[in-house]
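Remarks on the structure that follows.
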Amino acid sequence: MIKVGIVGGTGYTGVELLRILAVHPEATVSCITSRSEAGMPVADMYPNLRGHYDLAFSEPDLDTLAACDLVFFATPHGVAMRMMPELMAAGARVVDLSADFRLRDLDVWANWYGMAHESPEWAAKAVYGLPEVVREEVRDAQLVANPGCYPTAVQLGFLPLLENNLVDPSRLIADAKSGASGAGRQGKIGMLHGEVGESFKAYGASGHRHLPEIRQGLSNAAGRDVGITFVPHLVPMVRGIEATLYAELTNPEDFNQLQSLYENRFRDEPFVDVMPFGSHPETRSVRGANHCRIALHRQENSNVVIVSSVIDNLVKGAAGQAVQNMNIMFGLKETLGLEAPAMLP
Amino acid sequence: MIKVGIVGGTGYTGVELLRILAVHPEATVSCITSRSEAGMPVADMYPNLRGHYDLAFSEPDLDTLAACDLVFFATPHGVAMRMMPELMAAGARVVDLSADFRLRDLDVWANWYGMAHESPEWAAKAVYGLPEVVREEVRDAQLVANPGCYPTAVQLGFLPLLENNLVDPSRLIADAKSGASGAGRQGKIGMLHGEVGESFKAYGASGHRHLPEIRQGLSNAAGRDVGITFVPHLVPMVRGIEATLYAELTNPEDFNQLQSLYENRFRDEPFVDVMPFGSHPETRSVRGANHCRIALHRQENSNVVIVSSVIDNLVKGAAGQAVQNMNIMFGLKETLGLEAPAMLP
Amino acid sequence: MIKVGIVGGTGYTGVELLRILAVHPEATVSCITSRSEAGMPVADMYPNLRGHYDLAFSEPDLDTLAACDLVFFATPHGVAMRMMPELMAAGARVVDLSADFRLRDLDVWANWYGMAHESPEWAAKAVYGLPEVVREEVRDAQLVANPGCYPTAVQLGFLPLLENNLVDPSRLIADAKSGASGAGRQGKIGMLHGEVGESFKAYGASGHRHLPEIRQGLSNAAGRDVGITFVPHLVPMVRGIEATLYAELTNPEDFNQLQSLYENRFRDEPFVDVMPFGSHPETRSVRGANHCRIALHRQENSNVVIVSSVIDNLVKGAAGQAVQNMNIMFGLKETLGLEAPAMLP
Amino acid sequence: MIKVGIVGGTGYTGVELLRILAVHPEATVSCITSRSEAGMPVADMYPNLRGHYDLAFSEPDLDTLAACDLVFFATPHGVAMRMMPELMAAGARVVDLSADFRLRDLDVWANWYGMAHESPEWAAKAVYGLPEVVREEVRDAQLVANPGCYPTAVQLGFLPLLENNLVDPSRLIADAKSGASGAGRQGKIGMLHGEVGESFKAYGASGHRHLPEIRQGLSNAAGRDVGITFVPHLVPMVRGIEATLYAELTNPEDFNQLQSLYENRFRDEPFVDVMPFGSHPETRSVRGANHCRIALHRQENSNVVIVSSVIDNLVKGAAGQAVQNMNIMFGLKETLGLEAPAMLP
């Protein structure tokens, strides 16, 4: 059994890790930390876990964490980078679900996150853990930076086009929509039900923190800098991300091979499902599951490839992908603990 | 492996059975019928099942069903009762999720369902499968009538009070609220998102089909006829039932022992969770799970016991309870395939 | 034109007052205060008001308020009672939408609101402004305590039964459900969309601040102390309250006259609509409107009267009723500015 | 008073026309037709109208309609075109809210709507009634084709860019999102709350009927054929459309003048609100109101103009715009009956 520690477990990614790990046959959560809630049983905060965990939140403690086989960070940005040098020195293996180690360029990081990076050494060593791209590096990584939710949906949707150099990489557009759980579990007025319910809006349209992460991933895939416009939107629902992607095919005849290109690219990927051409993936078709479902579209006389990509922001966009990474790091079957179908309706 | 057949699999209880059984280690679905959709792969109708089932809907066929170890009926009322005599004669075991075999008094049944009952023999033999009441009878039953969603939430909430004769049985009130999936998957205007969204209402307040079923179950528990007022309401959400129950304590001093009474009654029940006195169970705390969570309340100077009881209408209120019954019927661990925590948020 | 001031305008009742008054032909808002947002144009906080108001929030100032013809308080409890003595002395007329002046018994008030009442003189003089009960007193009142949202729905639903002494007043039950806007516009974690969305629960089941207000109103109507159990619930929607009321008819034969009794009681009330017997009022049928719609039900062989009563918690349950009171106080047509139909769907 | 007739009043645009006209000071609804519901009082179907209308649905009758000053068609496509020749011959004036007269090219129309057009004469004469473009033609029109919901949001957002030739007209993208009321009030399984709730998806991504209408309008504005990709999405809410528009600025320096260009373009438009640069219009800020709110965005180092445009699909996207057109046609103040602020929250 893998002994798991979770740092910062009171948010939505924390409870989602607990939900998934509750039925994982090869992992057990031995500690979960929260400064503010130390002493409170996790099942008191999250009644869905009643009967599944006796565990209580505890103060973060380096020795306890270092004694774990794997530590998940489910903390706001800035926390993991401060604890990482000591934890790495102690030999711990970490999957960081925060944004601290996702960007290679630390000036860009500092610019978007409003603080200097305090662990440049590990920022350089961390593996950006999108398994569909870097599975092998994840296997031996000591520190995995778990991708963001939007970046997961957008990258998986664009990858085959960019890897195969089929589209104009300077004209990518990602129009993405997320449920409200993506904003976390903090008492912000703008995220009240009274504000979010029965309404829809764009946000971060002039620039969002996931933009540089997306640009970095897509540029790696394309082998050159890409130009991408990314606009997130807030949907009056709890879970789910849909990203509609637009790219211009360099050679319109390539449309004929796109579907098989996508199918081949993801044939062996247990968590990426290429649906029939012209399908409309629904976010509920992945609710609670670690899948990304993707479908391609073309409009008459157009050379624009349209890709619709859906994930559950808390699963493939956070906790599920983190467990997938854990499975890879520990040589387990990649789908272990992640087999249940999505909940529909 | 238990070979499972499902009759009438295109509705919400059908897809929920498939979702649950997809990860059940001792059961496999060998056929699923639908006259209207025969030939269509189930994963085409329900994309959450892509990768989990190769199965397609087929025409209902007695021999095929009789060859199953267990047949679930997830049909509108009136269907199961017509097929049951032949199926029973063929030796099949059945869990019927429809209302056909829930009522003992067939005049009452005929009155509420608007047709004569066509299988009185099996209506008399069927076991009303609320495991928390009749576990032993379920074990050997050939035909189990799976309880309705509201009746499950209401009965579990009232049972300890009535079994112990603590309240006035002539003055029971059950104010229940359900998500829209309870109405099934038919194209009714009244169930459109445009009608249900952002609105709340009572329905069936002058009489609902679940009223006689509730009355029958509570009368059995009380050992005498009870008087119950039951009003269902429609909540703008997909899943979940909350029932707030009101009863008058005969002896107000009994308030002191109520919490322990409930805890003792359900101590060994894997799927009934008595929360601390004064808790407020949320439907999301059981979403996707087979649990019923219950909490007790008292208002100052009052001898009214208030019970709040929540279930997922599609799980403990339908498909989950059906699988629980299957587990009992086949001598399996009762929780098999039903261990995953609810999905919160 | 009535010169209106609003104290504490940043919450949902504040913006709702502004929305309604924007089209009121005889009133104009001349000042709206907020300590925290002083200087901010109201249309910047509430973009639905762009083009309707040039006004900005200002620091509360006694002289400015006293110069208004009418002042609405849309503040948390405790604020109005502190400002009231000075304001009353200055001759202002006030409709207080907070709870400060709703209860006659100040010990009860202190007990539920956790502070001593600081304006007992005006608590005694205030008129509890449910126009359907005390229209005449409102007309000449200097201070009107605007009823709470739940108390409005519950009282209007029960009134005819109690005024005519038809039911057992010791056995009243009010099971009420509200949208999330009822909790106000504060950054509470429990009211996040991620917490409220797709879930349903009771809250305050052991005692809610509206309970003593309801008890006071119903006891006045009955001419004796009533026994009432009141349980509120949170619905995943923004606006609307539905209350399902249960009472035992003393004489079951009275059922025959109930419908006409209700119709007669409210015949001349512009904002109370008695629907046909057996109807199911939907909250959306009053969304944005100042109406209360009521319907009666009876279940077979039962002497329980079931009443379903719906209002928009922000309109008839707050700002609309306040404007209705203003209209009465200033001798205007009672429906002025409140004529538009509800928004359905 | 303008005597108004409504053909096909049982859908969402029908009830919305009734809601708006209920408070219009210069119009009165004298007949509303429905073959299926003839004889039913409109207030029985739509309880929000109780107390506002005594009217019942009636069989459509040419003479009765011809006797109206104005007839609104709120029918499925194919109905208006069949009745139009006779009605026009009888001298009636019509605002058709259906799609029958929106497209100039009747081959395109036939292709998208799956039937031949039966009134080519009036298709040629009809004025496409987007008042912000063709106000003068509307004034004297006998037949106004009321624009579709998506086309209204998309055209208003793109107009200034295309009219001024500032962007590459071959690379327009419109990613649009709508609440469920846009699909009308028919019993389609796909529009059930159980299907739409808590989920998000694209639909019609390979081609939607509003695409040719959008293309026609934008091409007119640009003075040349445009290339536009349009993808609609379904949001789990009842009302509202948000369209996020992407266009490439030919000369990036033009970014500096865009905001003032938009403000000038719409300065005198009562129903188009250009918000400050970088704002995020919410659909709720126009809920129930006839406004379109628009905001502009730019991402760092990009020459892509991002426009977010919101309307209420049933108001500015249907019934409100129809009443605006009526006001223009009859020489009334354009905002008459349309002055109330949107309902927020």
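So that you can tell them apart, the chains are marked A, B, C and D in the order they are listed, and the count of residues begins at 1 in each.
To be clear about the criterion, a residue touches a chain if its C-beta (ideal position, glycine included) is under 8 Å from a C-beta of that chain, and two chains touch if they have at least 3 such contacts.
Note that the structure is a prediction, hence the values are computed from the model and not measured.
Visitor: Between B-C and C-D, name the chain pair that shares the greater number of C-beta pairs in contact.
Guide: Most C-beta pairs in contact, of the two: B-C.
Visitor: Report the chain whose mean Cα position is at the greatest distance from that of subunit B.
Guide: Looking at centroid distances, D is the chain farthest away.
Visitor: Where the CA atoms of subunit A average out and where those of subunit C average out, how many Å apart are those spots?
Guide: Averaging C-alpha atoms per chain gives centres 45 Å apart.
Visitor: Can you work out the whole-Å distance between the CA centroids of subunit B and subunit C?
Guide: Centres of subunit B and subunit C (C-alpha means) sit 38 Å apart.
Visitor: Using mean C-alpha positions as chain centres, tell me how far subunit C is from subunit D in Å, no decimals.
Guide: Here the centre of subunit D sits 36 Å away from the centre of subunit C.
Visitor: What residues in subunit B touch two or more of the other chains?
Guide: As it turns out, subunit B has residues touching two or more other chains at 12, 179, 181, 194-195, 197-198, 236-239, 281-282, 284, 287, 345.
Visitor: Which residues, counting only subunit D, touch subunit B once they are in their complex?
Guide: 12, 179-181, 183, 185-189, 191-198, 236-238
Visitor: Residues of subunit B touching subunit C in their complex?
Guide: Answer in residue numbers: 171, 173, 175, 177, 179, 194-195, 197-203, 205-207, 211, 227, 229-231, 233, 235-240, 242, 244, 246, 248, 278, 280-284, 287, 297-300, 302, 304, 306, 308, 310, 345.
Visitor: Which of the residues in subunit C come into contact with subunit D in the complex?
Guide: Against subunit D, subunit C makes touches at 12, 15, 18-19, 22-23, 46-52, 181, 197-198, 238-239, 273, 275, 279, 281-282, 284-289, 291, 293, 314, 339-345.
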